[in-house]
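After this come two complexes, each holding subunit A, first together with subunit B and then together with subunit C.
Moving on, here comes the complex of A and B:
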């Protein structure tokens, strides 16, 4: 490669360029492989799996790593996603650190067991590569995971594949401290199949951060036989829910604390949410999750009065973090929620959650924008159209690029 | 930042190539990279796209590339199918894998480079001709465009390819040297690569305002009843299904050449006149064939694998009888050449009729007082009533064929009478001898049948006589059943077993039911007259040895098993040969078509004397000889295509889609007292039974609009057109092959090439 032309810009230091991370290796890797890499680094001991596009290469890579000895885990190819999660449940009861991944129909099929896992209070991490249901479609969409937001799982949405890898490592710590399962969601193709620069931490670095799973009180002990899943009558049932509720309330602050520890240890900082260009000058804030965020970051550099609120922890919705991120936003500013989901309601999932979060605290005008469902590309132009429409007599609910 | 878009077909390895390029760029300049496919159509043969962004700093875009700096085309054929040049930046460049020079693409972009990547890859054994793996070559060419040090890229390439690192590296090097259209590198592209900030384009307000909202009335929602019209997936297709008509086993096995499947279908549709027309094209004797043909069609019917073959004979008989007395008139005479046919059997009359229809004057010469050949002289009335034979021959006469009966002629005689061609179809009316001493004591079977049928001669057979019949063919069976009706007690002696009997199986069954005795594995070895004037026949037992030339097991005598039987009469029916009287002492080897005959008239042979031995075979022979004679007289080379057609076999049929249903059997009726009863034994079937029987057809190799393909097509690419025909919409057919797989009757072919007719 010849030297680049010696233009002014070329000689400037790149402020947003990632610096080298010590005790890491830079690799060009697909998002799905990064997820599998994370599971390996977390020393997962059990992987039940069933392939489904666009998740397939995650479990494919895991099976490869287990078979060639890179990973010391039991890998079981199950007959369906329902069985995958049933097996995951059993192994988690037995004290194993469990990982699996699915997408779309697979997640819908597992719905019943998702409930059981979270209400059994079993720690584990799964990846979901978002795709919708019908009309038949394998492309990027968050309707699958968002429709499962009330199953009791914690949900993170990763903007980049690096973030997915890093979040999985944090998620095990969170999950095992609270005994609540975590779902880490990545976008189909824009992440899952996109090869990009990823920093892979060394195993020791991860080991220092994430201790082995401690034996839970309810794990299987042959010397002390127990029965799981018995009938719980009304006078006791609420106690389980009450306990769960108390722990769910801890998620937001614990998540932030773990992310802070992670930043100190690995050098990469994540919040429950991230505010970009939100201040007194901002008159419009785009609220985004996942990979659309990256494109929006690029676009708002052209719009000094447009900010960005990225939601990383989606469930339980980080009310305090959101309010904090918007604290300098003037009352006459507008929030534009960008939805890559359709849940059969007037409003998309982000707007529903944002309204709940702001109720009683802020009275900002909120607009909803459906864009990019079923993998419809969201290029910079679409983001710019959202900005234009949000500032030029918008409807409360808008569909972008309907033609 | 630089943005590259690639166009290829699934299977060419472009997605991998872009991943490797991402690694190479990262290695070479520490760039931030992003490589991804426009996924979903990632399927062999389907047009696909891949994208690559390379930047000095963080890439703030995770969407497809619409305005690339560089477009890479892996497959030249895409140029005509996909808008590959769309959105190219004004100063951007295009790299095409082709043998052509950039001049061939002039005007399509400002900068065009070409590289013969397919040739380079094949020379190095990468991939196959149908699917060359051109990854490495294309990577080499891209390196050249960016003026990169290839040596630094090659280690990454070697590491990233799954096999053949040396060949891949060599392929990249050769391609690096073979890029046409540029000298150094592309300065503009190199500059963009190193530019620190992505260009901030200002989008005009009118474009931003173009965003129809949820309340747009113009928006038309799609629904499921039609293919998703905007997504024309037909160009994903590698294999193409198309409706075909293949040869069914019934048609392939009919010696007469009848389109059996067609007339069966028309019968099921109650289109009896049309069904008759289908038969009559090849066969002037449907009423006769419906009764006496062994029905090779039924024997080979694919339905036999499911339950029982169709009763085609009953349909043919019904159709023939229904229109036996139809009005007919002769075709106009178009030619002056006169044709003589010797013999008025099925071969002679078929040939005569076919040639008469073509416009030749035809005269048939028959030695016997009545026309019909073996149908007249050999087949008893209880199988073939006289009125059927008379009326089907009368129809031939109505069409203008002249028959001279009781006129025994030779070829030589006819040559002097000005005929331009002679067809000899004299059949096989001379019984063969066993070669035993005192064989004159035997009566001869075919002669007996002829004399009895034409003249009522019983050859001395009386009620209660014990008759021994030697042989296992149809003549032997007909003899035995005739003898029964004369009050005699017939026994058939056959040297092999019932399995090897050449007679029609159903006839054998009927004969046994009527009371004919049969002794198998018995052969006469001597014969003598007793003092009482009876005949004593010495029989020897046989066992079956190895196969002979006919494919049947040869009878082998068992020494010491001799025994005598005493009977009133022995009739031998072991085979027949033709009467060479027609050739007037000249030694002629009969064969189908033109034969070597020394004389001044061309001579052709047909019927039993040439080949075969059934009515259907004789008809087929007559059809063929008519074509040959016509060609000869018109001076056209005659070529009969003897290549066997590809026939639909049981393994081609999806039997799961057919329900079992019983064959409608023609009722076999006979009186307990058969004495002097020559009424027809087979009752035939009623119209409604035949329509149902036609409905049992599996339609081997012929679409019958069952709708399976329509139901199974996952892309709704199969539709019913205005005329009710099922058709494939190739705009949407992805070539999955499910239609061909689920076709019950093998009427959809699924092959690599696009049909030209599509």
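Moving on, here comes the complex of A and C:
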């Protein structure tokens, strides 16, 4: 017998009725197509492409839109993900707005170039549809993007496909203001291949929000030739990194500011994090990213003393936003981090980041739950097991569905 | 009769003070190339000696933009640069890759093949000095049979033949590919001009003298390059859509040993027990030349 109570169905409560968003079209589409729509709406000029499941339908859809003239972009079939990101780097240096997408092995293969792009301080946005490493597994897992969290890219995780579309639009503004590249992550299949109602903004609405890319100093200028990326002596390299660090420190507040502007302009509100039912009465908070959040939202409606902390901006980890979201949480409450990643360490990525964020500020008990690794489903029952285990003599680190 | 002066650089596009070794071919090669391409040029350099020669931050010895990029992806980076220039109406800007043999024959081959097959409007220059010289003379698949490098686990020198890059390139059915030598500057400059004026993906492979790597006298760089052509170790030819033209046919049959004997990397071959290897190199060189002749 599994431990904990059982639920009979998935999220029982009906989703909130979406209100009408003016200057939008309501469509039913899969998450990958929503990501492609976002790239079109952002007037992306260069798309280097390489197929990999479960990302492929993003680049397929982009190819279709370029081919039929819906999108004025240069689309190139590259020879690998390493080349995809190298081409993205070249075009971004040339001043173009660049978009691409990858997953799993493709992201691992591009690791070297991810580093180069962030160190060149090039703005761009990419979508990663999370899947883990070989032995072959194409299902939902965030070990790919989370293992790239130290490459200098900003990372967002979208709970819904609407959020993915909306975040891509915000990401270009953030990326081009700070000259830091952004990765927007969506879940394999739960989002990439699942149809949802999506509100597609009109082009004018996006244009008002996102101006054309201004070419930064770090662009190829034929009138003022420069050398990009040559051997940098230690004292200069140190200073470059200091400058990057200063801008990384601006991400959290600028991200919130841009999300605020987005809410005013488009009518949909996102925070760096979102607190659900976190207050003096809360004794347990589930910490989630991506679509597991939606499942948890449904489950906790039955538990008045269980809250939810959704992390949307994951890298750089939004320490101030997290502390603010937990400010009314009593000191004897427990945090349960729900992981869809395994990084070869004792603790999963969410718990690692949460500990770093809370260190010196809050001394809350923290429990880690490996829940959805390798695409293993995280249904409401698993969330209920986590709640039960967390409140009934848990281990510090738990693999919740192993038995 | 006026002497031919077509090999003179009239409009210098490289600043003085390049960081190359004495007798290195890179600077001379790039001085000629840049004087022909002009300033409306973007250079892309993967990890290579030239990435160092052209200057550490904040220097740039070129009168043009240069993008230093990761080892495996010069052709992919150049693809992105090309696309951005084209989108901005700068189709007349030349995008040129300056790569070594390691970045071309080995780690950069996939990206090179991709860009060549797509017909990207890019000029690819490979300075083939036959090893990873920037890291200190390690074996590449361009390293000649019999040459000593610092990584030869099988008895101290290379015992496999170099990859036939030009054959691979020809198979991509390019509008223009050619070999060139700094000892034949008029021929080389003509090929650079032709490569500049031909749209599509073009590749020039230049024989790269490297005194520290080849263990040669820096003053002999050009002379040894001339001997490489005379001995047919480095034939001069062009390939246009798989049509071969040999640009220089040596008058006499000069044995390969005349070129090899000046290079310390082949010194061991002149010991009696290694004479059969010298014979193999001569046979292979004759065979390759015959193959070339049969293609013209």
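One rule holds for everything that comes next: the second predicted complex is superposed on the first by the 387 of 403 C-alpha atoms of A that agree within 3 Å, B and C clash if a C-alpha of one lies under 4 Å from a C-alpha of the other, contacts with A are read in each partner's own complex, and residues count from 1 in each chain.
Please note the rule applied: contacts are C-beta pairs under 8 Å (C-beta built on N, C-alpha and C of every residue); 3 or more make two chains touch, one makes a residue touch a chain.
Remember, it's a predicted structure, so these values are computed and weren't measured experimentally.
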item	value
Clash-or-fit label for the pair subunit B, subunit C on subunit A	fit
Between subunit B and subunit C, more extensive residue contact with subunit A	B
First, second, both or neither for A:384, with subunit B first and subunit C second	first
Subunit B versus subunit C as contact partner of A:401, first or second or both or neither	first
Vertex subunit A angle, Cα centres of subunit C and subunit B, expressed to the nearest 10 degrees	60
Subunit B versus subunit C as contact partner of A:298, first or second or both or neither	first
Per-pair minimum CA distance [subunit C against subunit B, superposed on A] in Å	21
Contact footprint of subunit A on subunit C as seen in their complex	39-40, 42, 44, 51-52, 54-60, 62-70, 72-73, 75-88, 90, 93, 110-111, 113-114, 118
Subunit C-touching residues of subunit A, taken from the complex the two chains share	45-46, 48, 74, 76-80, 82-84, 86-96, 98, 112-113, 116, 220-222, 225-233, 236
Subunit B-facing residues of subunit A, complex	1-2, 4-5, 7, 9-10, 12, 14, 16-18, 26, 28, 30, 54, 135, 138-139, 187, 189-191, 193-197, 291-292, 294-295, 297-299, 301-302, 375, 377-382, 384-385, 387-389, 392, 395, 397-403
Contacting residues of subunit B [partner subunit A, same complex]	18-19, 22-23, 26, 28-29, 32-37, 39-40, 56-64, 66, 146-149, 152, 185, 190-191, 193-198, 200, 202-203, 205, 207-216, 219, 228
